[in-house]
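For reference, chains read A, B, C, D and E in written order, and residue numbers begin at 1 within each chain.
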Amino acid sequence: MQMPLKIYLLIALIKTVLSLAVMASLIAYVQLAERRIVARMQSRVGPTRVGPWGLLQPLADTFKLLLKEDITPSQTSSGLYLLAPAISVTLALLSIAVIPFGPVIHIFGYTTPLQITNINVGLLFILGVTSLGVYGIVLAGWSSNSKYSLLGSLRAGSQMVSYELALGLALVGPVLLAGSLDLRKIVAAQAGGHWFILPEIVAFLIYLTAAFAETNRIPFDLPEAEGELGAGYHTEYSAMKFALFFFSEYANMITVSCVATLVFLGGWAGPVFGPVWLSRIVLPLFWFCLKAAFFLFLFIWVRGTLPRFRYDQLMALGWKVLVPVALANVLITSLVVAWR
Amino acid sequence: MIPLSYYLILSGILFTLGVAGFIVKSDLISVFISIELMLNAVNLSLIAFSHYLRDMTGNLFVFFVMVVAAAEAAVGLAIIIAVVRNRQTLSLDEMDLMKH
Amino acid sequence: MLNLQLILFLIFGALAVAGGINMLRSRSPIYGALSLILVMGALAVLYLLLGAEFIAFVQILVYAGAIMVLFVFVIMLLNAQPLPPHERARFARRLGLPAIFILLGILAAAFALRYSRARLAAGSPMFHVRSIGQALFHQGLLPFEATSVLFLVGIAGAVLLAARPETQSSGTDTPAVKAADRSGL
Amino acid sequence: MPTSLMDYLRILPEIILTVFGALILLVEGAARGGSRGRIAGALAFIGSLLALAAGISLIRYPGTAFAGMVRVDSVSIYFHILILATVAVVTLLAMDFLRTDGHPRGEFYALLLFAAVGMGFMVSSDNLILTFIGLEISSISSYVLCAYRRHAPKSTEAALKYLLLGSFATAFFLYGITLLYGASGSVSLPAIGQSLAGKMAAGGLALGSLIPLAAALIFVGLGFKVSAAPFQVWTPDVYEGAPALVTGFISTAAKAAAFVILLRVFYVALRGYSQQWFWLMWVAAILSMTLGNIGALRQTSLKRMLAYSSVAQAGYILVAFAVIAQNPAPRVLPGHAPVSGILAGPGVGAILFYLTVYTAMNLGAFAVIARVANRGERFTSLSDFAGLGKRHPGLALAMTLFLLSLLGVPFTGGFLAKLYIFQSAFQAHLIGLAIVALVNTVIAAWYYLRVVVYMYMRPPEGELPPIASSPAWTLGAACCAVVVLWLGILPGHLLHWLAK
Amino acid sequence: MNLLAAVNPNSLPAGAPYILHYVPLLIQFIFAMAFAGLAIGASWLLGRHRNTRRKLSPYECGITPEGDARHRFAVKFYLVAIVFILFDIEAVFLLPWAVVYRGLGWFGFAEMAIYLAIVMTGFLYIWKKGVFDWNTPERAE
């Protein structure tokens, strides 16, 4: 049933506020989970002081960062220096808007999708926002006027740029099978249990590797490695601005995991039972969160185990392995699709 | 219902800003950026005409203009790097080797 | 409902023109590049208004997300500093700028006169990804294959001009801008 | 619209060139050691010859391909042959230039072939999208070719100027195309021609208020590419800075291809408005001839002098364009035999003939300059050519032949070419234009002959390093000389074919 | 109901301009910017401000920094960006191709195979020219 414009805008507003709130708290607790799990892997305990089992630790961190002194080094170009963290946070939060968490639901008599808005080039929007993400890091390094941060930002920038290409090429496979860029249609194409992870296992692995590199996570976090460059591009940032870079890193991690579940693991598909409100709303959301959580755990688990790549190995892997294999996968998939 | 001439006048303004940038700017990269602005202005009027004529060719043309602009920017900046390697300066008015 | 489109057009049109003017006014090339990215973002929204969905996101992906990244990299690489306006600029301002604004006047008059009645329908866009895909691989097949030649030219040109360092020194041998040029930002 | 085999046959030259270009890049990447250069040179030469053969074989199946995107008619076949022949000759001449200057060789040949692909599309395209892409491919490859002598500040600066002004011109050209698309609703040239003719019949200038603007913007864009008068500021600097052989290639093949676009856009699409663009051509012709010739008078560097002379030559060709605008041939129905195409007309034959002779003589002249300039292109000033007659009689003789032909002395191709143009100008009773052209030829005599005098009468100043003989170069220069002489003495065959 | 939901999942009011699908994106963008601004503003307000010269100099692991930071860097970073542009165009071409691929069938496959073959020769050329190996200086010609 069509709704008048005002209701539509009101619902959109509610969804946006809701998603920002959920996102902020989710990021805080993913960071806590990471510190706890990595600690457990290294047979130590991790933060348990603040609140029961350390659950209030993220709250404590946030206040601490808010109160710390915010130093702006002297010869930085002040405009860009402030702009850089703002860009990376805004873009990180923007791509959440097109991710469908669940099927279309009917509440209070109106039908509305479990996502902020559904555009029929959802995947392209996410790729576009990822490609803009490079600016946050590159400008951070350039504007903070220190040799280490400039070199760190150049390295981080060129790494993100090369792996973004592998990310784009890896996603072409599933789009070939689904025949559309609309995330809802991709999920619909995977309905009935045949998820894209099986036919597109190669694209899945390439996507994962590229996702790790895009978010500068452990095997690929050389640019901000403490040992090499003294925390890379955000050496000169302090207090909240420093936290914003980590905030955007975790937000990107969540976005990437959501896209992975949507494109490769069939989104919110999963065995559902029980009454309408349970099977149409709660369970699909549960399945979606379970799969996304699995990917987040994968990020944390890899952080606890794998050593860091050297820069030339990192770039060589990106260009010499991922791109050709992704192209080969696209060709093979198209052969299979044409043949069938 | 926005009249078509609004879009065309906006693209005219951007095109003129690009031409002004091309003439006024004194360093190589800013001149090259003004050329990119001119190409963007042309893309805007192409899309406006394509919408007005309800015809797909305009969009297709803009798609190819973007691809060409990318190749041109890539080669252009390669040449700018080669020039700076030889002449160690980015300023345009020192590029007068052949004026005499 | 009707004026929503007009409001969006005015906002993002003004944003685009502001970006253009800022690019003209800005002294250092990094601010010029960033204002161009602002213009490209505003144009992407205008393309959405005009129903060209795929082109809007390609603009963000290719133009703002790849070409301008290259511009910012080169600006960082060459340590481009704001340069004093050269005498060509003063001469140009006296002669060139008035000529340009005449050009703008002609353009604006021609468009307003010619298309005064034309209205743009606000209906659903005609240009979904599927329709541009069909057009690209049926009508636009030859330009598509010609683009691969353009690709090879770009590759050969870039490798030829930028890849070989003059001296056989290690990686950090890029051009040093003269100390005279390196004024504070 | 599944493409049939016939479509691919109609773009066979481009396919062959792309394949050989890609092969050369692979060879350049893979093979080690010095032999790469020779393999790349051989591959390029074979590739251009094969493409030339394919170009000639186009005559058997004229018509359009790829849904009207590509039109194979007399003009496109003729220019395919002209451009591919030029590429073959330049490949021969380049073998010597690259070895003496010690540059990486593979990329030069690859870029040469890709530029030829771009020009092939420019020449045979009936759709503004393909024209634009062809124009860009050939322009971008020429920007890189200009900067080929990477360590010479002059060469990179020339490439920079060519790049900035070239892309500036392309933006204007694009804006003109957009307005044309907006006014006529289509991008394919014949369709634009018909819809504008319809509009012209129905309304009149008021309705078509965008057309003169579009025509002016397109002319600005193409004026740069063709180095016609008001937009030829870049030509001397770029022609002097770029390596001599690259200048030869740009000033001949690229200019010819740009003239074909000018021909197709103004003659086919804007046929109905020929009264308006006649004045564009008229003014551009006068300005080009006078500015070109006067500019060339006081030049000391030979390359700069030839740059101004090529601006003047563009002026003579624009005279023929004015002739076409004066009385466009009666509308030939598209169903007509496509070989003659809708481009048959009094001026068109003159343009084709003139461009052929111009290409041969200009390329030959630049080949000799490249030869004399030797390693590092140091000897290109007039004094270096002094006394060349005694030291290298062969080179001096070739240079004299090319210069005389550029001037238009009888028994050389140049004379008949200019005669053809003046004759068509008189027929179209454009007396003013013809007189200016004649006066300019007289002015031109001074600076062409001055070089010949230097070569034979003056004692040699300073010493020239020994010029090693290179068979490939002599073969290439000989081709140019033969074409110039053959068209000078017995042009019957070509004239007959052109009249058809 | 499912058909309608599939066609118009956002359940837009009938006849609304298409741009309405993107208005929530604009709202999200404004909120995200507000969030970033709020965070930086709050930290600036709440935090203490005692700037000393040494504290403001760039951090160089304790060693006092000398010379301007923004000096020369390897051309390699530039080459990666340019190769990225040219391959990004290819990725952008692949996307609409993938969407309409079912309609094109073998003809579509042949087109893209030709295009990718040419692009891969360019890729091989770059690979051999050593653009991708970072620590070994490129092989001189």
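One rule holds for everything that comes next: a residue touches a chain if its C-beta (ideal position, glycine included) is under 8 Å from a C-beta of that chain, and two chains touch if they have at least 3 such contacts.
Everything quoted here is computed from the prediction, not taken from an experiment.
Undergrad: Quick one: which chains contact subunit D and subunit E both?
TA: Shared contacts of subunit D and subunit E: B, C.
Undergrad: How many links in the shortest chain of touching chains run from subunit A to subunit B?
TA: Contact-graph shortest path, subunit A to subunit B, evaluates to 2.
Undergrad: For subunit E, which other chain has the most distant CA centre?
TA: Comparing chain centres, D lies farthest from subunit E.
Undergrad: Any chance you could check whether B-D or A-E wins on number of contacting C-beta pairs?
TA: A-E
Undergrad: I'd like the Å distance between the centres of subunit C and subunit D, where a centre is the mean of that chain's Cα atoms.
TA: So the centroids are 30 Å from each other.
Undergrad: So how far apart, in whole Å, are subunit B and subunit E when each is placed at the average of its C-alpha atoms?
TA: The mean C-alpha positions of subunit B and subunit E differ by 21 Å.
Undergrad: How many Å are there between the centre of subunit A and the centre of subunit C, using C-alpha atoms for each centre?
TA: A distance of 28 Å separates the two centres.
Undergrad: Just curious, how far off is subunit D from subunit A if you go by their C-alpha centres, in Å?
TA: 53
Undergrad: Going by the contact rule already set, what residues in subunit C reach two or more other chains?
TA: Each of 1, 5, 49, 51, 54, 58, 61-62, 65-67, 69-70, 73-74, 76-77, 107, 114, 122, 129-130, 132, 136, 139-141, 143, 147-162, 164, 166, 174-176 in subunit C touches at least two other chains.
Undergrad: Among the residues of subunit D, which are close enough to touch at least two other chains?
TA: 18, 22, 25, 104, 129, 133, 136, 140, 143-144, 147, 150-151
Undergrad: When you check subunit B against every other chain, which residues touch at least two of them?
TA: In subunit B, the residues touching two or more other chains are 8, 15, 18, 32, 52, 57, 60, 64, 67-68, 70-71, 73-75, 77-82, 85.
Undergrad: Please list, in label order, each pair of chains that touches.
TA: Between chains, contact exists in these pairs: A-C, A-E, B-C, B-D, B-E, C-D, C-E, D-E.
Undergrad: What residues on subunit D touch subunit B, complex-wise?
TA: 128-129, 132-133, 136, 140, 143-144, 147, 150-154, 156-161, 163-164, 167-168, 170-171, 174-175, 177-179, 181-182, 185-187, 236-237, 240-241, 304
Undergrad: For subunit A, which residues are in contact with subunit E within the complex?
TA: Contact set of subunit A toward subunit E: 1-5, 8-9, 12-13, 15-17, 19-20, 24, 65-75, 82, 85-86, 89-91, 93-94, 96-98, 104, 110-113, 116-119, 124-125, 131, 142, 144-151, 154-155, 157-158, 161-162, 164-165, 168-169, 172, 175-176, 179-181, 184, 188, 230, 235-236, 239-241, 243-244, 247, 311-312, 315-316, 319-320, 323-324, 327, 330-331, 334-335, 337-338.
Undergrad: Quick check on the complex: what are the subunit C residues that touch subunit D?
TA: 106-107, 110, 113-114, 138-143, 146-150, 152-157, 159-161, 164, 166
Undergrad: For the complex, give me every residue of subunit D touching subunit C.
TA: 1, 3, 11, 18, 21-22, 25, 66-67, 69-70, 104, 107, 110-111, 114, 117-118, 121, 129-130, 133-134, 136-137, 140-141, 143-144, 147-148, 150-151, 183, 209-210, 213
Undergrad: Would you tell me which residues of subunit C are touching subunit B in their complex?
TA: Answer in residue numbers: 2, 5-6, 9, 13, 16-17, 20-21, 23-24, 29, 32-33, 36, 39-40, 43, 46-47, 49-52, 54-55, 58-59, 62-63, 66-67, 70-71, 74-75, 77-78, 80, 83-89, 92-93, 96-97, 100-101, 103-104, 107-108, 111-112, 114-122, 126-127, 131-132, 135-136, 139-140, 143, 147, 150-151, 153-154, 157-158, 160-162, 166, 174-178, 181.
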